[in-house]
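In order of appearance the chains are A, B and C, and numbering begins at 1 in each one.
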């Protein structure tokens, strides 16, 4: 870190909150474990049953895939028909680029709104929030026309632009809130040192890492899971996203529980995996705390 | 700090570039002319990929056909948006009546009058895809579907039952299955609402309103939904309730299918399109019977509904190739291929088609023993709002689940219809 | 004009312009271009003409639209209330527990608790339909095992319970969002503030309400307004689970599904872009009515603690 401004000395971290101990710790863990089970058991139930025969799914839904109940027919059907590897790459490119755009541009705009008291500040803030107040599907035909004019239909770039535009309001909204809380003395010290406003932005950005991570996850999820715009803007086989692929796949086998549970499981795994990888690298900021 | 910034910028740059590069690669790979089919039949994807399209490419090796289905629930909305944005596929699977007529009127669909093989279709087949003046046909009729009841023949044998011919026999059979207690007598749920209207109301209804006669009477204003012939249908449906599986209120369409194919229900109020799936999934013998006759009736009527057709995007960039495909769809080769690859979808062509599937053949046989009609909400009557078809879904589900009386259902439907529909003055 | 422009320094424009440009081109322009339709109509099937606020009047008063519209508004309010009363308190509780310093297993908990939030609506809808399905019998079986078998109902299929059930499913899915926001705010509180409180003798629950909660009040407001906005934007879960007709008997119909049906049509019902845009216009006004006080009153009044 080449930060020219060291955090003020009195902000050195002390162990203010003792580690929970004894009965209290037990209570905390009991609640957390209980809710973690509520959150995860339904997901496990689906995953577990996807490895079983159709009759076993129906008659003994709680049993794990024991010998005699196992059937992989769902997965076999899946891999025969769908090109999930390609869909996955498409989704990753779209979600990754849109998110990068949203975080960078959203942080810049949020910084400007939080930092400077300029004429019309609140109005710009309001303007940047208008987008989340109208159901986005209303604009479908207009968006399609724009993309068609730009010759971007059936390209991933169309999706990236639309998602970036859709994600920005929320990102600005949230980041602005957190950037207001960055200590002023820190920025003033930097200004006295003669740093430009742009460098101060890069100074502030790491300080709101938890919020950036949160926004990253928030914007990633709806993009990854969206069905509508892939369907309208990029339905071609080469540009299909994993969610669209999975949904069309589920549609085909809606009455075939093996394939349905298998495709549900396979559609969940990449998102959950991506989230875990993500939470490790980006949300590392969360555990270390903002101002360390 | 610099590290954070540079990695951030680099990542953005990489991703944005990737967004450009991926589609570019795709554009450079151009082979023979490729036409895309828009469809809501994503269940049929394997059949098109493995059977129908290869048969076409054998004849026309230079035309590549891509079957690009959308989920049925999103098909109409997505197709409309794509047409408005100018990005719809070359060949368009047509819903019957007003939805496709609307597309034609907006100039999205091309007329198909001059296709060479159109003479292979009779007036009834074309009636769902023709302008009101009867002059212009805009889709090539593909298939109709027939309603009736599919039963588990093993259960019937075990309980000593025979397929019922009359309504009273039907309820006797249901009673016996219920007394036995091991099976749900009827596999039908109200959660999806359309099951109640399509597999219930439109299935048994024609016997009550005398098929075409009663359907046309609604259009000409000689009959109302509050007339006894129509209310009686809901009265009968209300009597189905005790024979449904417990929790039928939350039972969805796939639940009903699974209930039947896993052998847990004895009778499935059906459309013939189920045949292929049931053949694949059911481990028991199946049979089918037409809607049982109500007391006092002697002629049977079936719903033989014109369901699916194919048209051409008026602004397609490959009109010649698209027309070749449509032309091929009028041939007896296609009729036979389609009817046998998708048993339960019956070709609308006049040409003789032999079916290999016995269950599908059972349904088809009723065409000669009963009089055919189509669903009464499809022609003209669903043009306004509140939409008649959607209202029929809602009230039929309400009647079966006991939330509405048959009289209330009829009154609500008729009031809604009268709000916008003015029958021609006599 | 010139002197005024000069008052906004260049760097502010540089910061805001890229975001504003993308956002304007691909969101604001298409949305308002379509919203314009709400002031138009094609009476008697003729050409498109300007009709002023007629469509809005029809929406709130015409017997064809008004019952559905007001029903949808009412359902939205119920949906919102359940999120405010269940999702946000649960999220706050879990965040407070997670934010205890050096909590063992923090990473595991955080991943598990947030897991439902990353799933798509399609998957969430399917999972819960299967679990609550009276035919598959997971929920029914569990209740029977607990001796409560008699209390099982096909909740998703009953007019009285479908909306509440769906709201709770949505809470299950999205509790991770307030959880993460509160968590990010709580661990951002510098330790010396808490240290001071501890010296003053405040511990545990009392310290939380006395010290930490006031400090994260800005985020509490943020969560509330996001819940409000998210509530009116809700659509996918109900569409996935109950279809566009939001059955049974429209008992789960919210503005999102009502808009979709009106704008795009459904089954044999043709879409009506004019009335559809009108529904969207009303949704816009409703959300604006919540966001304006937030931006112009709450955000200015509330004391933001610099951390």
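Everything below uses one rule, namely that a residue touches a chain if its C-beta (ideal position, glycine included) is under 8 Å from a C-beta of that chain, and two chains touch if they have at least 3 such contacts.
Composition by chain, UniProt nomenclature: A = Carbohydrate ABC transporter permease; B = Probable sugar-binding periplasmic protein; C = Sugar ABC transporter permease.
Note that the structure is a prediction, hence the values are computed from the model and not measured.
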(Q) Considering only chains that satisfy the touch condition with subunit A, which of them also satisfy it with subunit C? (A) B
Q: Just list the two chains that share the greatest number of C-beta contact pairs.
A: A-C
Q | subunit A-subunit C separation of Cα centroids, rounded to whole Å | A | 16
**Q.** Rounded Å distance between subunit B and subunit C, as computed from the means of their C-alpha atoms
**A.** 35
(Q) Nearest whole angstrom, what separates the Cα centre of subunit A from the Cα centre of subunit B? (A) 38
Q | Multi-partner residues of subunit B (at least 2 other chains) | A | 81, 258
Q. Which positions in subunit C touch two or more other chains at once?
A. 260, 264
Q: Mind pulling the residue numbers of subunit A that touch at least two other chains?
A: 58, 101, 140-141, 227, 247
Q | subunit B - residues contacting subunit C, complex | A | 73, 76-77, 80-81, 97-99, 102, 189-194, 245-252, 255, 258-259, 377-378, 382-383, 385-390, 393-394, 397-398, 401, 403, 419
Q | subunit C contact footprint on subunit A (complex, rising order) | A | 10-11, 13-20, 24, 28-29, 31-32, 35-36, 38-40, 42-43, 45-46, 57-58, 61-62, 101, 105-106, 108-109, 111-113, 116, 118-120, 122, 124-143, 146, 161-162, 164-166, 168-170, 172-174, 177-178, 180-184, 196-198, 201, 210-211, 213-214, 217-218, 221, 224-225, 227, 243, 246-247, 250, 260, 264, 267-268, 271-272, 274-276, 279-280, 283, 286-287, 289-291
Q) If you look only at subunit C, which of its residues touch subunit B in the complex? A) 63-64, 129, 132-135, 140, 153-159, 242-245, 247-250, 260, 264-272
(Q) For a test of understanding, state which residues of subunit C touch subunit A in their complex under the given definition. (A) 4, 7-9, 11-12, 14-16, 18-20, 22-23, 25-31, 33-35, 90, 93-94, 97-98, 100-103, 105-107, 109-123, 126-128, 130-131, 136-138, 141, 172, 175, 177, 180-181, 183-185, 187-188, 190-195, 198, 204, 218-219, 222, 226, 229, 232-233, 235-236, 256, 259-260, 263-264, 276-277, 280, 283-284, 287-288, 291-292, 295-296, 304-307
**Q.** Complex contacts: residues of subunit A adjacent to subunit B
**A.** 1-3, 54-55, 58, 81, 90, 93-94, 96-97, 100-101, 103-104, 140-141, 144-145, 147-148, 153-157, 160, 202-203, 205-206, 227, 231-232, 235-239, 247-248, 251-252, 254-257
